[in-house]
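Have a look at the structure that comes next, please.
Chain nomenclature is as follows: A, B, C, D and E, assigned in order of appearance, with residue numbering initiated at 1 for each chain independently.
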């Protein structure tokens, strides 16, 4: 810092030094929407939310502070605990499976296959459909009376049992199936792009070294695709935290509260229960979790700018 | 004994035939350089030998064994790539040992081989580093090491130095040469840098459009190029070419006439008879032209200095002579200002004559 | 009149100061080459002059005007980049005229200038093509053209030739030299290729770690390098360095002793007195060592050929001599087998002596 | 004048009922712009509240009367309807009076009640019982007793849809029926947690446990899908509000013949006076304000009341209308109403927040085989203790 | 390794030219179906089946009549193809009083999607450009906030946004909705654009500055024309996201602007008696048709753009 201060001091004598503010002025002006969004909406909205989570606001936000009451209630609520647990299960599995499936599909697509475009389109098209639609279709497919279970039973396997949406213990996996159907195509695309960016010579080198293909993928190629995994992670993870529509469309959180998720808790308490304070407390908890994991990582990952490229 | 032998090789990518009817025999312990401009098929040929490309027709033998259908790893070859192709997330040590581990060699053997390669290449202190923490030259050394540990008979290099800066390149060139002198493996080395080719090769194969133009030792290539392509390709700056024809001089001797100027052919050893009237091209290298001095047996020609390029040890002159531009290399200590008139003499014993039509050496 | 003048320039990226207290004056019409290894700050300096980097402290004058805080376009400079940086979606013509259009020049003037640049650079037939349809050399020419049309006083080149292959590089080098001779603009040219520096420059500034080590004409730089860095940096292969000390010889003359071998210093012009016992380093270039012959006034030293690198015109020998490895350049026609014993003689009038501690020339 | 009206009446019977209102309103020379949002109040309410607080209010909007709009009124975002009410003599015609009380805040009237909804019905499929070979039950206990027979015949004895509010409502109905009015009011009115944890309630939880057991295998989400199970004889019965009646009618079934209804589960014949009301956000536009008045008047107008409630299957808010066309079940309701056997419902007694907590509890309870009635009661008591 | 010696021995025998000529020649013969091919294509086909199954069921169901649905199996092809459900879904399914199906929302969706997509991409691309080429102090902080913002559930931001829009007086207007979409599209799009622009050669940017082009000149004349793939990616992501959005469309606008998804929600959620699965499926396909079309048209560029926007970083 001292270096900068003396620097400015000596330069002051020179004519025409523009002020710090006006340098890069166009860039700054052009970034105003971004700054406003970041500061007013994301940061301001967050702080506002946190502030009101300490109040007893009902339908409308009011600054009647009640300390940590809302949080105590939140962590005593079985539904919240179930939501957190569900999010953890759903998050972990959907991360793992979408990465694994996405990568495997991409690896298969990268084998110089015929009809690559067709396959790619097939894997990608569900991404064009909304979660509402996805939820609906899979609700239909998984419906025990009409869906896969009844069809398989009709074919003779009468003992066949596949009824995830009405079984509390596995309902979250029923949601996972639909989520993977919708999202793995994009992951596949990202991974495929990453694979195409790998130097041909690496493959040649590993062939000369006699390394089997799967080992090359596992020990050489995957570690080289770090940036792709980072982008994919951001996209998948942000989707996981926000999962809401799919649950609503598929199960509305049921059976019972077996497939509740935090975002739905927030929404339900803010608007249905008309207890904004409670909803804000829940969203604050979500934000804190996200912040603890994301902020340090995001800063490290994204503040390097051009240097890293 | 031949170490690598390529017979009637053909390779097509779909409709495009890149290599056709290519034959090449490489002796055991020989250092062969494949030289040619970009896109002439050098890497393709190397990849065929390595087994990284499926050939369309022909056969490939390594150490007398027909390996045409063998997997790369079973051919007893090691390969070094232009982009190094190091496994970026593994330490140098892992890079070296990975292939051996996969081949299930005993750990003791692996350690021994890695240690030996590290010693030969002097990368012992780097073993624990990742490739990203190495300089270009060090990376290249590790890449060579990876071939080295595999204890192979034949080393294949695909432009191993072209990603490095000039200084490093000349250093590593010496190292590769030394490596070859001590290991005595067969080495096939692809480059488009003629200095590398000249300094490293036992023999050079000059390629153009998938065809080997000349396969000979560097000295022959440099001093007796088989055709104008080879002559022009090798040497920097290029050989000077003068178009003209054979005539009979005033004294009855065979002379070369270009742009009204007559050159005696004293000292030139022609393979073909030099019949008067034959259209030919005279090629003479910049260092075989003497400036302001009478070279052995040559007569003097007037020229004007156009541009001077001092290069330290040498001084390169670009002259206007008989309507051509001509490059001449003089000692670095001699300086000429542009516009200066000088007198040239040609060393015909080191010049080349080519048929103007076939471009073949006479 | 000075054309570009840099005063007390400092530039930091955050905590790291890349350039510090740098001063440089460039005369009008001068061709100045900034030479140095990768990362020494050459491009940074050039970008400061161009106004593409905000300097931390100091001043920059172009044609006597303080442009320290001017926008790049207002500095009267044109710049040519290593990667050509042509606008890929525009035709050559658009590429050339883009800057003029931005500056709102009348269309007639634009056409005139583009036509003139196209003529000078002989790219007339390419005007309607896109950069992707051009060869490397043509692209580079267009990049130069883009600076040309802007009718600027100062041309800045940032390694304009290093993406080209050797052959093209040497051709374009000549063209740039010719361009400078005809335009007579001030040119600042960044490179790490010493051949380019030596052939093109009126003066060379050799940089290391952000500091200019020596600023002089090529001849001085080559033959009287100010310190060991400059001496070692210029010349390929590098100057040979022998560590030793000054002593008084048998005949009372001052001599240099290294590894038990005594060298006469006949012909060396020292700036400092050569006091006996002073630790010094003798530097001698490969071409200033004669093999198997007695050079003027030098005595003979025995050495063994280690490696031979025939390079066509020259033949480079790596010798083992008095415990050092030593490079020697001989004529390409002379050949030596590894292991041969030879006798060396040094041309002391062209050698350099450096203080072993400061590494400065004595 | 165009007036935008938002509501969440989108099922078959509901939509037909709304059409009647729209017709009546259009007849006043204005135009009803329909802003239906499907998916029950839980989807629609946030949207309505956002619109009102966001400063872009609609002309009129449905809320369950009770406490849902309380704060909006306090914020001064809602229009005072006292003038309209006085002109229409609402105080006298609207029966029971508690309906208007729910619209009254600080002595001013802010909403126009449109119907009385009663939750306390058990709908039974006569066909299903016939098939199982048991008589149609007359009360809750008989249904529980008949359950095994129904199950044997492949019929789900009690259909309970997956949405949380259905389980919650079913429980409230069971509670009023089995524990009686006093306990109901002590628990929900006075928020007496002791009573909530007491033996009276334990009985209710026992019954809820039965309900849970005999509702296994419903496997539908929406209430009307559950109703449809009753209509088609796939289920024996359903505890659902009077709005289910609309579905039966639409399916062409006849009360008493094809299906039966038991108000108060045949145990405690009492109905709650919850219901829907329309609120009118404060608008700047004069013309629209006029239209709002016209709509408020239309809503309470006897003709509209009859037309609407007949289609919807709910009860009119005024005692002075002729409901000769009413069917069997509706008549039963009207009787009870006439006898004054009315009670305030949980929507009016509890805040939405407490209701939501209850919903969470009972939807979990009904779906999970693991939660014992005792545990559920304990948690219920905790909710009551902190309820407002 | 021991067989290496053995090989050398046979090499001596092979010195005889005749022996050399023997052995394999030409291209390595490939079995028509190798295990590898079976595994690769087998897996791909199985995966493709998983992805296609729902679409198949949707289409088949939408072409059946209700009676057939009730009795039949969801996978069986329709015995009697009827387009009734499609017609109904498009033009006569009811929401409350309005019985004009999805058609009502279609143009609204177009009216929302087009400006929202264009503006959000414009803003995000400018952000990405400023972040990668004109970095100023503090820019990274804003960007980090933005990325973290990508993880905030939309529902949480609903209230603050209502307040913000109310304060600037855009609540309930189309412009307000466009702003909302721009805000929520910003994090991921900015990330993609920033990565993409950072992967373009910096020298190009410098050259343009020397040529005198300013912030906007460089962006419009140099950067944008070079960035087709990433714009396609952004367009696909935004069209999909915005077209499929339900929550914002309904919270931040009035009924006259309600997008198609609101009708879809109403059709599938307002059950009239039995669920009309065939109509629901037809409505679902109709709603998804537009983004699907965008995919099919620009799928190839999508992968290329993703490559540039995601791989570097």
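Simple rule for what comes next: a contact is a pair of C-beta atoms (placed from the backbone, for glycine too) under 8 Å apart; a residue touches a chain by one contact, two chains touch by 3 or more.
Computed from a predicted structure; not experimentally measured.
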Shortest chain-hopping distance from subunit A out to subunit E: 1
Pair joined by more contacting C-beta pairs (A-B or A-D): A-D
Rounded Å distance, subunit A centre to subunit C centre (Cα mean): 53
Interchain centroid distance [CA atoms averaged], subunit C/subunit D, Å: 90
Geometric centre distance via CA averages, subunit C-subunit B, whole Å: 26
Contacts with two or more other chains, residues of subunit A listed in rising order: 23, 267, 270
Multi-partner residues of subunit B (at least 2 other chains): none
Multi-chain contact sites of subunit E, meaning residues that touch two or more partners: 158, 265, 268
Touch list for subunit E against partner subunit A, complex: 40-41, 43-44, 47-48, 50-55, 57-58, 61, 69, 73-75, 123, 126-127, 129-132, 134-136, 139-140, 142-161, 163-164, 182-183, 186-188, 190-191, 195, 198-199, 202, 214-216, 240, 243-247, 261, 264-265, 268, 277, 280-281, 284, 287-288, 291-292, 294-296, 299-300, 302-304, 306-307, 309-313
Contacting residues of subunit A [partner subunit D, same complex]: 58-60, 73, 77-79, 143-145, 166, 168, 251-258, 267-275, 278
Subunit B residues within the subunit A interface of the complex: 47, 50-52, 71-74, 77-79, 81-85, 87-90, 98-99, 102-103, 146-147, 150
Subunit E residues touching subunit B - in the complex, by the definition given at the top: 1, 4, 7-8, 10-15, 20-29
Residue ranges of subunit E touching subunit C (in the complex, touch as defined): 201, 203-204, 206-213, 217, 221-222, 225-226
